[in-house]
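Okay, here's the structure, questions in a sec.
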Amino acid sequence: MKINRIQLLSLQILVAVVAIGLWHVLTKYEICGLARLGFEKNCTILLPPFFFSTPGDVGARIVKWFVEGTIWGHLWITLIEAALAFVIGSVGGVLIGFWFARKPLVAAVFDPYVKMANALPRVVLAPIFALWLGLGIWSKVALGVTLVFFIVFFNVYQGVKEVSPTVLNNARMLGMSERQLMRHVYWPSALSWMFSSLHTSVGFAVVGAVVGEYLGSAAGLGYIIQQAEGVFDVAGVFAGMVVLAAFVIAIDLLVTLVENRLLAWRPAVADTRT
Amino acid sequence: QEKKSLTLGVGGKGLLYYLPLTLAERLGYFKEQGLDVTITDFGGGAKSLQSLIGGSADVVTGAYEHTIRMQVKNQPIVAVTELGRFPGIVIAVRKDRADKIKTLKDLKGAKIGVTAPGSSTHFFANALIGKEGLKTSDVSIIGIGGGAGAVAAMKKGDIDAISNLDPVISKLEQDGDIVVLADSRSEEGNQKLFGGNNPAAVVYFKADFVQKNPETVQRVVNAFYKTLKWLEKASADDVAKTVPPEYHLGDVALYKKAFEASKAMYSKDGIVSDAGMKNAYGMLKDFDEELKGANVDLSKTFDARFVKKAAGGA
Amino acid sequence: MPSGSQAVSLRDVTISFTLADRGTYTAVADASLDVGDGEFVAIVGPTGCGKSTLLNVAAGLLKPSRGVADIFDAPLRGLNRQAGYLFQAEALFPWKTAQDNIAIALEISGTPRREALRRAEDWLARVGLAGFGPRFPHMLSGGQRKRVGLAQVLIRDPKILLMDEPFGPLDAQTRQIMGNLLLDLWNQDRKAVMFVTHDLEEAIALSDRVVIMSAGPAARIIGDWRVPLSRPRDTAEIKLDPAFHRIHREIWETLKDEVMKGYQQTGGG
Amino acid sequence: MKINRIQLLSLQILVAVVAIGLWHVLTKYEICGLARLGFEKNCTILLPPFFFSTPGDVGARIVKWFVEGTIWGHLWITLIEAALAFVIGSVGGVLIGFWFARKPLVAAVFDPYVKMANALPRVVLAPIFALWLGLGIWSKVALGVTLVFFIVFFNVYQGVKEVSPTVLNNARMLGMSERQLMRHVYWPSALSWMFSSLHTSVGFAVVGAVVGEYLGSAAGLGYIIQQAEGVFDVAGVFAGMVVLAAFVIAIDLLVTLVENRLLAWRPAVADTRT
Amino acid sequence: MPSGSQAVSLRDVTISFTLADRGTYTAVADASLDVGDGEFVAIVGPTGCGKSTLLNVAAGLLKPSRGVADIFDAPLRGLNRQAGYLFQAEALFPWKTAQDNIAIALEISGTPRREALRRAEDWLARVGLAGFGPRFPHMLSGGQRKRVGLAQVLIRDPKILLMDEPFGPLDAQTRQIMGNLLLDLWNQDRKAVMFVTHDLEEAIALSDRVVIMSAGPAARIIGDWRVPLSRPRDTAEIKLDPAFHRIHREIWETLKDEVMKGYQQTGGG
């Protein structure tokens, strides 16, 4: 069942083609025989273009954006915001996660508050961020940070607690200081947890940035989407989301590269012949 | 030294409600006045007001009622020019319910979709059913937003009636999904509902900003005044050509239709009339606990100096 | 009795574990053991009697339920910083190569990395693993991993050595070579050594004293023999000495009974 | 450094008291001497009540809600939505996570699409959910599910891949079928990853429900918050968030109880005397 | 040559590992080994020579780079379903108690849980761990864990037994008891056994054949002795047999040279 890169890529493209094909057909043509499935009308367009646009329109819009070049500025803003949110959020999550894991008392006392904070709807916090950080990129970064931080934090906290007790004891007997334990034991041991969370976080960093823009801004992908949404420009909304998705894949690829470098020590996945 | 580069907040720039802003921007009137204006679009009017109070925005195009509310909360803000004379809000019922709900009175027990609970569409609905002797608890209010979601909610039959703005209303009218019960986009409609004007979109600043930067405020007002004058003479085609093509609702005909329906709404002279102030205040007072007992000095909500000067200069 | 001060001194140490059902299991009861400075003590006992547990107490990783542990005549609080501990279980850092695993033991105390790596390479050769430096632990065989662990502990040159079956997964020949290596090092500056093994011959060949533990639960120390063999020794040759055989037989008698007892206690058939 | 339950609780309460005290002072009194810190005015109220309300007002509002009993209905709705989102999202995440982990080909092909989906701003999807699922609770549940699912999914996926290779080989040599491996090896081994992610997810399930309500609904905590926000009733907004936070802590407590039962096999945290 | 069919037959097996630097390390080169049905074969060799690797091939966990592995005269594809494997490293399920760890081996093949638990309890007693059933692995000593593993493999009664240093962390006495237990079972229905050990005496005492591997890299099988001792045997008594000593000396000569060679190859001092 081993397949090579090219086969994999073609399969992936196949999935995309099928999805887009379905989208095209369902927004363009009436599907009949629905009465038996409990629909009101027997024939209807399942995905009305007013809500779902069509692949053609969306594609045309994306091409237009790139040809006219208007999209670059927005992409750049969103990139900066997401990158900052990602970096600040994950560094914060890692640091506080380690700190909590190493100071059980601190962790126990603040535990309920961390969980509370995690549950606050970020949308409601937007005005407060705007108050403190202005309308520039920083209020959007803050929104992203509040999402990324918690995911990374919880995973690092758990990752540190999962260190093999024997390895930990060995390190301590070798005389490692708390700082050295951090660097040589907790950090590498928590890495795979961290990377698992980073994959989620990349997405959430972008979501944070875009939602921030969506709630109030003058530029960025979220701004484009919001503008489009208010005026029924569904093609614009979907085009924005497609660009966004492509964008996230690009960032995620970077994370994976770093991950593969840092986790080189692991045994390759066991030969699973059965 | 006055502030020449401004951050302007707005909650939904693409809406026809705020058309003068987009026009002023596209026609280059801010630049003409030597202003550098960054327009920041928010998820709603409340958020743009908050950014003004918080100091991150300098000026807002928003609802006139904000100036009244903020006076009660000791956050003096002042409107300097009117953009819309009427709220432009429409109450309509779903077509298949139209045989049962013929007047506002029949809304008793209905589910009414508003843009957001606590927003002006919500108060508008409350005020109108109040006039018919219904209580707020006689209807159930659902927030459905002001975009495609609102259209979806109506088409799907999740709500019986809707209190919303353009373009949602025009879209639903065009598709033949609704029957209008009350329309505040037109002169007659407002006459019928309020007996006159009911100021809606205005341009407002913080009071101390106006004091410190009278020259800048004047320039902003000049730009908007010029826009209003342009708009008075403009045809639907002119407007459609001026706004960005994305604003066309995916359908220029629909856009023009919506514009025509709303055209009467835009202010002609930028002045908020005393009667209009009273109408607006009266509508709020009936349904907001906080405003009921409060003492509001309406004369502080609008500063007519700038518009008058702009009119004189023009 | 050994002369000089005591490197490790356990007095009436009792160790009980709390079980999941809230009962307790007393592994070791009232055990007292002195290991003099520079003394090489082997600990032998049936499986599961509490040898590793005792080493954990001496290392400061486990607090005895009763009794005290003194290190160089000062009560042990927290970790025993003077000791190096070769664990019975796998304890290498899986994310470090063999060479890094050894070098880190030096780096911790401030040795510059280059220097540490160089010395780690020497040690790899000493334990017969030259050329295996760049391998991660999962790429090594069981015996190879144990030897990397050995180098990791020895390179630090600690004052007290705690070794839990260090030569377990090694073949007889390699065992002798490692035994001689250990004795050479020990001869240079006479550390205190607590050496757990199942191989009585090895215990006698290497140590000054052999301590026998009874079968658990509530294991005690039931025998303590001085080994009357001269130093320096070669672990292979010493086994030909008649004195070696005498003491071996003597200890073996005690040990055999004990194991059988332990086996019957736990209901083995 | 071991402390008992009562001491811990008092410390936690102390933190709350200090936080509320600070909130009170900073919203009530002007703080002077700020000019040196680079503020414009020398004396100012650091947390303007217009944005932060005051603890007194918020407390009074909460008491009023509970005394009048109006809050219960809203709480109930939000609870149902969050609980459904949590259950559906985490069950889905666990199932798909396992599936992907066991079918590397499927995982490889769909990997970019999962990451794309994770990056779509949920706020933008709200109208589509409303279209498909109506304005009732299900559109809010859907929003919560899209948040919970990805967090659980990524963690379970990683957790399955982290199984010790020797233990896995042992299980396979003992003759376990794929299903038995799932149940006896992958599942227990992934449990701690799962629980780490569930703690984050509880929060996100509630966030999803509340944001859904915030974007369009007739009841629930999000509805209350939005209504309050519309009329600049900050006390109402904060009161809503406080109730929300309390609510999340209660649910999280449940998760922790279950976790402690299921993870009883782990060694207690090593005695960390140093 | 053993009579009857071959349970395990490795032909010209070569196993190379890819290293991190993209080089390869050939652990075992052109090794051929037949284990007849019902034959007990011990494998002895210097540490790191490739014993575990060879067992992994027989288990179907590792695909040889070259050569073939046949199980009961059929080429091995995927996992070897006829074999039970006691791993050298820790392989118990940490989330199951000792008893559950043993019982699961039966439950897998459909034995009802109650029955499986009952039989697991018997086995606990047999390996000397009665009363230790409710303990999780981390609450057991190294030797106790190994014995739980032993019970886990033996309870399934597989046709082929692959055992990698099963008695490593056990004391001499327990080793003998376990050895006798294994021989008893084996005598009942003569499984094929591949038994890796470092203890040459143990190898001779238990097995029909002793196979010696050379030191790595590219280890080969360099010796193959039939053990001319009668069955049934008692592992303790058999060591007094003069034939035992003859064959021991003979094998030892070969083995010693090999270990020294291996040690020098890897640059050991």
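Of note:
Letters A, B, C, D and E mark the chains as written, and numbering starts fresh at 1 in each.
Quick note on the criterion: contacts are C-beta pairs under 8 Å (C-beta built on N, C-alpha and C of every residue); 3 or more make two chains touch, one makes a residue touch a chain.
Predicted model, so just to flag it, every value in this text is computed and none were measured.
In terms of the stated touch criterion, the partners common to chain B and chain D are A, listed by label. When you average the Cα atoms of each chain and compare centres, the chain farthest from chain C turns out to be B.
Chain centres here are C-alpha means, and the one lying farthest from chain E is B.
Chain C has its Cα centroid 50 Å from the Cα centroid of chain A. In terms of their C-alpha centroids, the spacing between chain C and chain D amounts to 49 Å. Under the contact definition stated at the top, the residues of chain B that touch 2 or more other chains are 50, 54, 147-148, 152. Touching of two or more other chains is recorded for residues 20, 61, 79, 89-90, 136, 138 of chain E. Residue positions of chain D with contacts to 2 or more other chains are 48, 51, 127, 131, 165, 169, 172, 229, 267, 270, 274. Looking at the complex, you find that chain A touches chain C at residues 166-167, 169-177, 180, 184-185, 188-189, 191, 265-267. Partner chain D is touched in their complex by these residues of chain B: 44, 46, 49-50, 53-54, 69-70, 73, 75, 111, 116-119, 122, 140-145, 147-149, 152-153, 156, 158-159, 288, 290. The residues of chain B lying in touch with chain A in their complex are 7, 9, 12-15, 38-43, 47-48, 50-51, 54-57, 146-148, 151-152, 167, 171, 246-250. The part of chain A that touches chain D in the complex is made up of residues 1, 3, 8, 11-12, 15-16, 51-52, 104-105, 108-110, 112-113, 115-124, 127-128, 131, 150-151, 154-155, 157-158, 161-162, 165, 168-169, 172, 178, 192-193, 195-197, 199-200, 202-204, 206-207, 210-211, 214, 222, 225, 229, 237, 241, 244-249, 252, 267, 269-270, 274. Of all residues in chain C, those touching chain E in their complex are 17, 19-21, 44-48, 52, 88-90, 125-132, 134-136, 139-144, 147, 165, 168-175, 177, 198-200, 255-256, 259-260, 262-263, 266-269.
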